[in-house]
Amino acid sequence: MQPFGNFQPKNPDYVVEVQRVLTSAPFIQQLGLKAQQISPGLCYSSLDIREDHQQQDGFVHAGVQATLCDHTAGAAGVTLIAEGKRVLTAEFKINLLRPASGRRLICQSAVLKPGNTLIIAESMLFALPQEESPETEWSLVAKATVTLAVV
Amino acid sequence: MQPFGNFQPKNPDYVVEVQRVLTSAPFIQQLGLKAQQISPGLCYSSLDIREDHQQQDGFVHAGVQATLCDHTAGAAGVTLIAEGKRVLTAEFKINLLRPASGRRLICQSAVLKPGNTLIIAESMLFALPQEESPETEWSLVAKATVTLAVV
Amino acid sequence: MQPFGNFQPKNPDYVVEVQRVLTSAPFIQQLGLKAQQISPGLCYSSLDIREDHQQQDGFVHAGVQATLCDHTAGAAGVTLIAEGKRVLTAEFKINLLRPASGRRLICQSAVLKPGNTLIIAESMLFALPQEESPETEWSLVAKATVTLAVV
Amino acid sequence: MQPFGNFQPKNPDYVVEVQRVLTSAPFIQQLGLKAQQISPGLCYSSLDIREDHQQQDGFVHAGVQATLCDHTAGAAGVTLIAEGKRVLTAEFKINLLRPASGRRLICQSAVLKPGNTLIIAESMLFALPQEESPETEWSLVAKATVTLAVV
């Protein structure tokens, strides 16, 4: 996923703030989300799939997928807010495109539209298959659009 | 929340199937969701709020709220499907109306439109405050609309 | 549809402002939307179905349904804003539940959550059948959730 | 917008069918939508902005934007369905990113996930400014995600 614009961070220490958001949320810690990349308007994260992420049929629960899409989009939003500000999710929408399974999920989030009171971001969620091979293809399992309120 | 119609279950053992869905999903077990009520086109669940449900500012994470709204809506959908069928979430949208905190969340889900291939359900999520008193009021913290694919 | 709270209008002339919003929008005039009821946090509208509202299969176009749900929700939001403020739709989601046809559409919109910067409203869209009879039943054809930005 | 995959049309005459969908819907005719490009999994359309497309503040009404995003996404979906099948919008979600005005809207829709019963498509809506100049930039005014039911 590419950034949707040439965004300039307002907070020179935005990386520190994003890492705080990614590591200090107890629910996210327990889930096991890891930061992969942080740049202005962009955040990538990953999650090694565990059994306790599953729903009743052995696939990754939609709630886990939604959490990744929401939290990583929030982190992408945090790259663009001023010091002392926070973001709260106002609403999000997620399409679950294919049953998600495999060994790892990768979430790529990008700010679609920055703003002083609202930030719109998108997340694409990919699954990596159990077996790694040279031909391994990522599978797009979900896509989300997230409206963040800057407070 | 009231049922949106006088729905007739197709599976006489729908309660057993809903309980399976509510108890056998590892992610839901770990979260701590409990069934409160199951009837045709309706499911209520509850969650005692724990620290590991929180985001970085001490409120219940949007992903936890989304999981409750999605899973309980799915359970409401399961009350109306034939034996041997399953539901998968195709997409959902959630509005986070107020920061969620307190001692317990209650999720009320109702089928808005049943169908052979698609079921639309709604979820209302309420927070109960930390202190219980005769005047205790439930606070509506989120509302979601869920599209379920019957497979 | 009932109001979701006992809302107090900030603008004593809110009815005048809502009527301005409902009658001065050229696209809405051309469509033929009529106000039915205006009260704090609530707006009902109606539309007599014409051939030029249809999609290619003879049903009311999803865009017409979306317009009614969006605009009537906006009008419900306008009942609760201060004088001199306006609302703009930030985002909405609509579920088309059944093919819409008949002689008239009724849209009922209610504010779910008021706010100084964001207002969340819901719309229920009903179709009235071609033939009127004592047993005539309204059919719920669409439901929408609308996020309004107060500017 | 690029196609999200190397999609193969099932109907060799898909262009004819898409053109039928784009030209035979009375609401779309009246609005003035024109086809710009049709290929497997993709449809572009345009709309010359008229006064009767406006809301009360002089911007293009959200309902017009939603109609373009929905109908063009539907047309993109039609490129991939078998002969004799039709698509109906099950639900869509749209974010209005900036007030839309200017001389023309361009809608680019692409199928994100094809399927036998559900097709997921995305639409990006751009506005072209009133004055044309070598530096004219398109402005992204809305983005939508559309779930189509194949019937």
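Order of writing sets the chain letters: A, B, C and D. Residues in each chain are counted from 1.
The rule is simple: a residue touches a chain if its C-beta (ideal position, glycine included) is under 8 Å from a C-beta of that chain, and two chains touch if they have at least 3 such contacts.
If you're wondering where the values come from, they're calculated on a predicted model, not measured in any experiment.
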item	value
Chain D and chain B - chains in contact with each	A, C
Pair with more cross-chain C-beta pairs in contact, given A-C and A-D	A-D
Homomeric contact chain C-chain D: same or different residue positions, threshold half	same
Centroid spacing, where centroids are CA-atom means, of chain C and chain D in whole angstrom	23
Where chain A and chain C are represented by their mean Cα positions, the distance between them in whole Å	34
Length of the line joining the C-alpha centres of chain A and chain D, rounded to whole Å	27
Where chain C touches two or more other chains at once, by residue number	90-91, 93, 95, 120, 145, 147
Touch list for chain C against partner chain A, complex	90-91, 93, 117-118, 120, 145, 147, 149
Chain D residues within the chain A interface of the complex	4, 93, 95, 97-98, 112-113, 120, 122, 140, 143, 145, 147
Chain C to chain D touching residues, read off their complex	20-21, 24-31, 51-57, 61-64, 66-68, 70-71, 86, 88-96, 99
